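After this come two complexes, each holding subunit A, first together with subunit B and then together with subunit C.
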Partner chain A sequence: MFYLLSTVILVFSVMTITTPKVLRSAVYLLFVLIATAGLYFLLNYEFLAAVQITLYAGGIVVLIIFSILLTSHISHKLARPAPWKLWSAAISLIVGIPLVLWIILNHTFQQSANEVPVDMKLIGTQLLGTGKNGYVLPFELISILLLASMIVAIVIAKKDKEDKQHN
Partner chain B sequence: MIQGISIYHFLIVSSLMFFIGIAGFIIRQNLITILLSIELILNSVAINFLVFNRYLYPDQLQGHFFSLFIIGVAAAEASVAIALIINIYRRIHGINTDDVNEMKH
Partner chain C sequence: MILEIYSFSSLTEAIDTALNNSMAPWLATLTELVIIGIVFLSFYALLGLFLVYLERKVCAVMQNRIGPNRVGKWGLLQTIADLIKLLMKELIPIKNADQFLFNLAPYIVIAASFMAMAALPFAKGLQAIDLNVGLFYIMAVSSLGVVGILIAGWSSNSKYSLVGAMRSGAQIISYELSVGLSLLSIVIFTGSLQLSDIVASQADGWWIFKGHIPAFFAFVIYLVAGTAEINRGPFDLAEAESELTAGFHTEYSGIKFAFFFLAEYINMFIVAAVAATVFFGGWMPLHIGNWQGFNAVMDYIPSIIWFFGKTFFIIYLIMWFKWTFPRLRIDQLLTLEWKYLLPLNLINTVIIAFIVLMGWYF
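So, the complex of A and B:
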């Protein structure tokens, strides 16, 4: 199961960055995100997998598809990238991947075996706890961040008054 | 922990996904596809946090919460970026990176 999911992730992420059509690229990203949710299920984090499916695959991808439909034609094909961009991407891959894999494979991890089941009650008490292992401060911070980004998105995407008279 | 699958398998997959995202960030010219590459990068980092949580410290939930916050930040970032992209498209009728190399048009 792991090999199937990771093959889906890698193949569709390559197709996301190489396909010439923008809408197909977004749909391939959707497949990648759903396969990632499958990996989370495999790791026994059911709550996070549900969040991944609803927020990423349900929310962000729909938002991106909306913006694609608003900004570009459906049959519009992207131009091929410039050669110097291809070369710099290839160089960063050739340097980066072996370096990172070499570091990871040479490091021995101290694996721990005492596994505790993650239930919803534990997640809730730790996410809103103020004591040890409590995460109430980042929780409140991210709620303010989401509110601020919502207001910013409305203000930026709103039409100006002068524009309205012209259109 | 999964039988037969070590931590290295997950880390190899997530680092390959991270570099695919970086390559897409470099070679793409459309602003929306650049945003898609950023989503790939963030997703691979979230996988990393969860795998470290599950394999190294399975009695705690730190990596779990970090992934949760990464997903929240990604949602905020995507909404602001899409608002900016729509505003740019309204002004100059194009969202290629070569067209928007000036801040004020």
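So, the complex of A and C:
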């Protein structure tokens, strides 16, 4: 099952970046993300799998598709990238793969103590805990960041009333 | 307990042990998966046929007509005849469409509703998979359906389809928030996302009664948002016949059109089934606190009848909506969600959290 999912992830990852049609690329990305959720299910970590599906597959991919729908036409095709971009990508690939393999093979992984599905209540209290390993501070910081970026987006998108009057 | 008589767990366990004794564990698991798949497929098809028939009959009653009455007794075979007609129709290929995505879209919509169905508890001991994040899982996978709709609209290369898909996307994404929040308010009561726990917590009364007025309020919001989520009237802007021909599935023909149609009805069933499970106790019979005699009498009705009774009652409510209210405009639709439902829902959730903290519920 693991090999099946990994094959799906690998094949569709390659297809995502090689297809010349932008919406197909988004759909292949969707398949990659769903297969990743499948890996989490395989690990018995159902909460993370459901989060993966809601956030990435249901949220981010839908937003990407939405923006493609608004901006691009069906006959539109992406141009091939410039040669120097291809070459630099190839070089970083050749350097990157041995580096990542070396790190993974040399790292000793500690087996997790609990193999049973993680309790939802534990996740909840940990997420909003203020003690050791509590995540309430990062949680609030991210909320402020999101709020700020949302306000910026609205300010940019808002039509200026005075401008309208001049026209 | 009498409830045990109607439990399906003895049947499913018997099948499980029989399979495990006769073959290797991995083969037994595979066989079980195949059996469950076949059961769900046939259930899906039969349910789709029946719901379409029901819709036509309910619509006819609302409009003072008789409805289908020629094919079979009371017109019961009408939808089967329709299905045969759809199967034999020509699939018209679209010249300038993106063929791969055009053909893929119906399957994404169907697969999303299938995945959601897997976690529903149909009766005592009759549930394909009992995830510990069951309710969250159903919400997550049912949000995948919108991808299929968006792709269908875009790849058809037609402006009716594109406008329909855009409307549908905006609508589903906005109303998902309200659906999630209203379900969350009941999760606050139960303290668990596992569907079997949610059903078990209603053994002494359903949440719609136990949760006072806020629970009823959450149910009303869920019903409105759920109806919008499945693109049904009065929120059927995505396929408004008078302005968009048929919205995102204008260019589809034959059995591919039928897939969209079927998925829409199954999604209605899922919305109703989730409402029945969360607010009306799922397969749990009507129990009132400590009235032992009354509870025992209610237990004699099998749990599967309770579940389908409640679900079809809610389906009837949704159909009633559709044939009673006029269609909303897109700006009215978004105003309703963002300016009324969402703030009210947030306030309602806070009130429920307060009630739970103070222990003011039964």
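The definition used in the following text is that the second predicted complex is superposed on the first by the 146 of 167 C-alpha atoms of A that agree within 3 Å, B and C clash if a C-alpha of one lies under 4 Å from a C-alpha of the other, contacts with A are read in each partner's own complex, and residues count from 1 in each chain.
The rule is simple: a residue touches a chain if its C-beta (ideal position, glycine included) is under 8 Å from a C-beta of that chain, and two chains touch if they have at least 3 such contacts.
None of these values were measured; they are calculated from a predicted model.
In this superposed model built on subunit A, subunit B and subunit C occupy separate space and fit side by side.
In the superposed model, A:27 makes contact with subunit C only, not with subunit B. Comparing subunit C and subunit B on the residues of subunit A they touch gives the larger count to B.
Shared-chain residue A:146: touches subunit B; no touch with subunit C.
Applying the stated contact rule after C-alpha superposition, one finds that A:120 touches subunit C and leaves subunit B untouched. In the overlay built on the shared chain, the residue A:79 is in contact with subunit B alone; subunit C does not reach it. Of the two partner chains placed by superposition, A:35 touches none, neither subunit B nor subunit C. Contacts of A:43 after superposition on the shared chain: subunit B is touched, whereas subunit C is not. Look at A:68: by the touch rule set out above, it reaches both subunit B and subunit C. After superposing the two complexes on their shared chain, the closest approach between C-alpha atoms of subunit B and subunit C is 14 Å.
Note: residues 51, 59, 66, 68, 70 of subunit A belong to the subunit B contact set and to the subunit C contact set alike, using the contact criterion stated above.
Residues 96-98, 100-101, 104, 131-133, 136-137, 139-141, 143-144, 146-147, 150-151, 153-155, 157, 162, 165-166, 169, 173, 191-194 of subunit C touch subunit A in their complex. On the side of subunit A, the complex with subunit B involves touching residues 2, 6, 9-10, 13-14, 16-17, 22, 25-26, 29, 32-33, 36, 39-40, 42-45, 48, 51-52, 55-56, 59-60, 63-64, 66-68, 70-72, 78-79, 81, 85-86, 88-90, 92-93, 96-97, 100-101, 104-105, 109-116, 118, 122-123, 126-127, 133, 135, 138, 142, 145-146, 148-150, 152-154, 156-157, 159, 163.
Within the complex formed with subunit A, the residues of subunit B that make contact are 1-2, 5, 7-13, 15-24, 26-30, 32-33, 35-37, 39-40, 43, 46-47, 50-51, 54-62, 64-65, 67-69, 71-80, 82-87, 89-90, 95.
Across the complex, subunit A meets subunit C through its residues 21, 23-24, 27, 30, 34, 46-47, 50-51, 53-54, 57-59, 61-62, 65-66, 68-70, 74-75, 117, 119-121.
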